[in-house]
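Each chain gets a letter, A, B, C and D, in the order it is written, and its residues are counted from 1.
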Amino acid sequence: MRRAIRPFFPLGVLLALVATVGTVEPSFLSLDNLSLLAGESSVILLLATGQTLVLLLGGIDLSMAALAALVSVWIALTLPTLGAGVVLGALALSSLLGAAQGFLHARAQLPSVIVTLAGLGLWSGIALAIAHTSVPISAGYSAIGWLDGNSFGVPHAFAFAATALGVLATLMHRLPLGRTVYAIGLNPKVAILSGIRVGRVKIFAFAVSGLFSGLAGMTMAARTYSGSPSIADSLLLPSITAVLIGGTAMTGGVGGFARTLIGVLTVTVLRIGIAAIGIDPAYEPIVYGVLAVAAVALNTDRSTLFAVK
Amino acid sequence: MEPQHRQGILRLTHWQLWGPGLALTILCLGFSLVEPRFATLENLQVIADRAAIPLILAVGMTFVVLQGSIDLSIEGVMAACSLTVAMLILNSRSGLNLGSLGIALALLPGLLIGFLNGLLVTRLRVPSFMATLGAWSVAFGLAMLVSGGQPPLIQEQSFRSFGLGRTWAVSNLALVAIVVLAFGYVLQNYTRFGRYSLAIGGGEELARLSGLPVDRYKVAAFAVSGLLAGLAGVLGSARIGLGHVDIGLGQMLSTITAVVIGGTSLSGGRGGILQSALGTLILAVLANGMIFVGITPDLQKAVEGAIILSASLLATWRLRSPLRIVR
Amino acid sequence: MTHPVLRVEQVSKSFGGIRALNDVSIEIRASEVVGLIGANGSGKSTLLKVLSGLCQPDSGRITLRGEILKLKGVADAAKAGIGMVFQELSLLPNLSVAENIMLGHEDAALRAGFYDWKALRALAAVQLGKLGSRISPSARTDSLSFAEQQVVELAKVLAIEERSHNEPVILLDEPTSMLDAAHIEAVLEQIERLRGRSSVLFVTHRLDEALRVCDRIYVLSEGRCVAQRDRANFGIADLQQHMFGHKLGVARSDPGESPHPKTKSGLSVRALCRLPSYRDINFDLSSGEILGIAGVAGSGRESLCRALFGIEPPDSGEIVLDGQTLQLGEPADAVRLGIGYVPAERRIEGIVAGLSILENMTLVHLGGLCRGPFLDHAREKALVTHWIKQLHITPGAAATPAQHLSGGNQQKVVLAKWLVAGAPKILILDHPLRGLDVGAQRDITLLIRELAQSGIGILLIADTYEELITLSDSIIVMKDGVVSGHFPAATTKPSELQILERMT
Amino acid sequence: APLCEKSQIRLVNSMREIAQPYHANLDKGGRLFAQWAGLEQRYVLQLNQGDSDKQVSLMRGILSTNPKCTIFNVEPNSDPVIKPMVDTANRSGVWIVTHWAHGEGLHPFDSNPQWVAHVAVNSLDAGVAISKILVDAIGGKGGIVALQGRLDTDPARKRFAGLQQVLKDQPGIQLLDQQTANWDRTAAFPVMQTWLAKYGTQIKAVWAANDDMALGALEALRAVGLAGKIPVVGVDGIPEAIDAIAKGEMSATVSSDAYYQGSIGLAMGVCVLTGQVPLPKTWPKERREFYLKLQIITKANAGQFRGDPQASAYAPEWDCANLWSRSTGKAF
């Protein structure tokens, strides 16, 4: 019974939160505000989706935000001269860099934390070195501008991010790969002894998280009409928080993508909603911390995780 | 613990130290070759001084990580304790002047937050990553409230001169760090807390099967980490002379980096205090050395990333094998 | 007539829908060795877990020396003088042997709260001594061979003697299932020795052992205690009758003239060497043949098998399959080439506890279960259901989480993994019958034969000599890492004695 | 004719945080003005805690209620946030005044009707000003070291450019080394220590891109008994720096006057909304984007800058008649 309703906890928490904010500040529930909320969540959603895949494998990718920033800079620098093509180029690049991290993690058997910590330094370092400071997109903006639009009250960026998540989720469910990811996350040793090429799966996963970093960077560039070396720094922890609030475990093999969508929306409400109900902003960090922990406490399925780490 | 045993515990730690040790040596040699002034006694003192606070943080973090958990709250804790100490001893704001009692009291917030982290993880079973992240936000928020636009300036001169002073040519902070390190080493290798922490990291379920009071030791680890983060915050304030919300800026990531490049595994059960100490030194030497050899600031972040990679490659390359599990 | 030390009255325990224990009542008297037998999934481990405080019964009463026993955890049980050896290893791999043996009871080795490592090792050595083991107390536990670790498990529980002032109660859940003959002997001797000073509850699937050391035997079946016998009227057939509700035809113990085609196709190993485990290993395994490897723990046979599966690359030598020399970088390579491996350590190497029976069984062959690029969920289900029936796995729902299966049923799943969706060319079986009840052992034995007849070459590390001799067409014996004896299929089967001579 | 009932006007100050003096004073300035204008009930503070994305989100978050009478006074967490915030303003009808710097090719007068003005800080001048004072302090010769701010921010780059510009015609002065300490006091300390180990007595003066870092370096100097013996300069004019200047431990700092930055945008907005000044789109360019007069603080005038100011001190400058009293001319 408890098992049956478990998966809906995160959704419940989200709705409860929205309802609470809504009663204090009714205009918060207005359609355009909700659609705004969705729009604001799109970048975190992209980061969180890629992160979910890596966490399911039992790893972590701390470099995503930095890689997103690098991509935003790359796009801002090259879009005016080289044209729309560079966007695809940037996505290819970020997937490649992600895969490179995966390669080091899998083949050199370095912990994902180390590799991606180093990546964090490298990517933001390179972004800084090539851009110095934020770079406005002087021309060719239309190539990514469509992300900033809005149709039938649905922000394109959100529709785009949600679709990307949907596609990945479906593939993970239908392809054998999905199964192996969970197996690896739960018990890598057995996975290896079952003839799964764990190394390849890891490289693939990091390539995907790289791709999603790229998508996030592209979206940020579209939202801010510029690229900047530190543009995404502040989104790394919120994006991981979102995954955890969704109920995906850091220990690997437990969780999923739909949950992450809910987690992201929850985090977004926490980030913006708290301000909306007009409590003194000086208290915001405190409220945010308490609520975020409370949300995870409600959402983590204790029955599946014997050990909490 | 005696070396003579082929697979004795200390022996084991020894070869685990081999990798980061080598990395550190190469780094030092490299810098000295490019810039001889790097190898002066004066600079050694500076490096020790720079490593002091990170080392204290790393010792605390190590126990948590050995158990397979993580503590992201240290920056918040440092901020909270920094403001507390500045408000309790002679200062420009509160009118209080509790002297050394105030200093002792200033560690309590750290201990308390660590304790709460432990409870969140063991009682509510919130993943440590999330629990401590929340704690960071809360502690930091409280610190900012206290700071409220006019950070309290510390006027207690003895405290200031301790923070800035040296004893026998070693900075007082470095001396404190060394004491903490020794304390941590003994804890890890000669007490239940240390050994059980390793056990919990090696397999929490198994530890429970063997009837170990796992939760108690987990709470203890977070408490120790909180306490030491608090100490770090207090010492940092003694050094810069005020209660400062950004006293721990960037320490969380760099502490974790230090711990993992030392060879302590984030999934728990492998590594130790000495490894973390080496990791801390590697980062301190790196930051100091990059200035000495004149790497331009724009590139330092990238260089650091590259060095971290090569250091850990060097440290663990020989351990690779088909069934080796690395998360 | 001694009074009962431990009394279990109408204890029931359910997991979700499954009634693991149904109104079970047993008692253990002072200095008595009580056997507990039953089919896989009949509730033995559950009963022991209840008695060791690992899980709480839904109903019923447990009394220890007349006092009601409420166990909130393993620690309580330990305090009450109840010690247990679990069916799966419960050692901490990253600690020293000494620490594992004394875990939670280091007080005697503490000086003012600090470890006195010398004293700790001395205390541990005493326990190891009881089992005549020469394992170094300061060795890192995960550097030991699997069998060695099992010995440490036992030493750990024996330590309870020194601790509890009055007679301890010792619960042993299949302590012998993973040991070779020599170690089993040592364990049984310990049990005999313990009889004098403690009460023992002993779970085993080997009736001969039970009959030998037990004063009384309880039989569990589907969670109920269906029979109790004492020495006077032990009888294998009778016990099996109660275990399975019907008599078992004993597995045919004659050579079983499996008419395998002695083709040249198959596996040949040439001058294979990996120090310190083994060196200069040569043998051929033709398809359809069952090749048994005999050897004591530490003989190197397990490492050898792991080399053939790409886990521990050999230092030198050749592995040739169907005329093609193999480069095995990782197990995946071996699997692609048609080599399967059933490891000895189930919990760590065989099962993904968090996945369902279905997901575990199909893990190896996911590629073969696709329509187009996508998984064919329906086909998966069908295949798995077939094998669940074939191997009598209970509970039989394909979606059951593997962690809810009994030890034996998990073992069946591990075996099935390699058979679902097409069998391999070469199958390496490391103790395949380990932990299976007599019925299942018979089924699997037959299955292994069938597999061989269908042309699979099988490399077998067996639990017992009987098993080895019965099943194998040919046998090689390993000693200290070298092949010390070879009995080819052509010749008549060797006797246990002949093998023993070459092993030691 | 007024665009809004005065009582409907909402004043929003959007900034990073309020735990540190500079930002706290932005807020104080805003509140001083709100009080003075009788709108303290209508004053809203938005803190992004250093999260650029959040700064934009927070703005968009309150637009569901009367945007057209809302005025945003923005200390951008980083330049890139200005463009999206301005666009939001144009779309929603909110009025916005921005500070510090914005990305290139971006101007209020380029069909941005709601972007009232950009009050630019000439970080180059700031850098030049403190650099000159530093040069004089060491008589035009000797080695100096420079602490940069966050390298990806405009103030950091421009202030350092100011230093380089001054050093161009100071052959006697040698820039021994420059490092970043990310605006941060604790980060500045070990960097200064390292320099002392590397250059020892070669160091004759310390240049810092803000006061926080200057004070961090100062403590490192104190540790080796050099506090007050080596000139140190910074930017921002935070109270501690002013004290240090009074004590002679720092030589100078430059202030953009946080109180003024935190209030002037709100004042402009109110003047527009109450119809006391015409719509911004009718203003001459140099009133839409201008440089702020900087206050150079040295031992000579340090006294005037200590303690919190009264509203009365700023009232004349808030008057709709002389909103541009601190303009030093166009900033484009």
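To be clear about the criterion, a contact is a pair of C-beta atoms (placed from the backbone, for glycine too) under 8 Å apart; a residue touches a chain by one contact, two chains touch by 3 or more.
Listed by chain with UniProt protein names: A, B = Ribose transport system permease protein; C = Ribose transport system ATP-binding protein.
These numbers come from a predicted model, not from an experiment.
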Report summary line: If chain centres are mean C-alpha positions, then the most distant from chain D is chain C
Report summary line: Chains sharing the largest count of C-beta contacts are A-B
Report summary line: CA centroids of chain B and chain D: separation to the nearest Å works out as 35
Query raised in the report: CA centre of chain B versus CA centre of chain C: separation in Å?
Result: 44
Query raised in the report: If you average the Cα atoms of chain A and of chain D to get two centres, how far apart are those centres in Å?
Result: 33
Report task. Give the residues of chain C that touch two or more other chains, as numbers and ranges in rising order. Result -> 311, 330-331
Report summary line: Where chain D touches two or more other chains at once, the residues are 18, 151
Query raised in the report: Which parts of chain A, given as residue numbers and ranges, touch two or more other chains?
Result: 128, 132, 189, 192-193, 282, 284-285
**Report entry** In contact (per the touch rule at the top): chain pairs
**Finding:** A-B, A-C, A-D, B-C, B-D
Report summary line: The residues of chain A that touch chain D in their complex are 27-28, 30, 32-33, 36, 40, 43, 128, 131-136, 138, 220, 223-232, 234-235, 268, 271-272, 275-276, 280-282, 284-285
Report summary line: So, in the complex, the side of chain A touching chain C is made of residues 174-176, 179-180, 182-183, 186-187, 189-197, 199, 253-254, 304
Requested in this report: Sort out for me which residues of chain C touch chain A in the complex.
Outcome: 309, 311, 330-332, 334-336, 341, 343, 348-355, 359, 362-364, 366-367, 369-370, 373-375, 417
Query raised in the report: What residues on chain D touch chain A, complex-wise?
Result: 18, 45-47, 49-54, 56-58, 60-65, 78-81, 83-84, 103-106, 150-154, 157
Query raised in the report: What residues on chain A touch chain B, complex-wise?
Result: 58-59, 62, 104-105, 108-115, 117-126, 128-129, 132, 188-189, 192-193, 237, 240-241, 244-245, 249-250, 252, 282-286, 288-290, 292-293, 296-297, 300, 302, 305-309
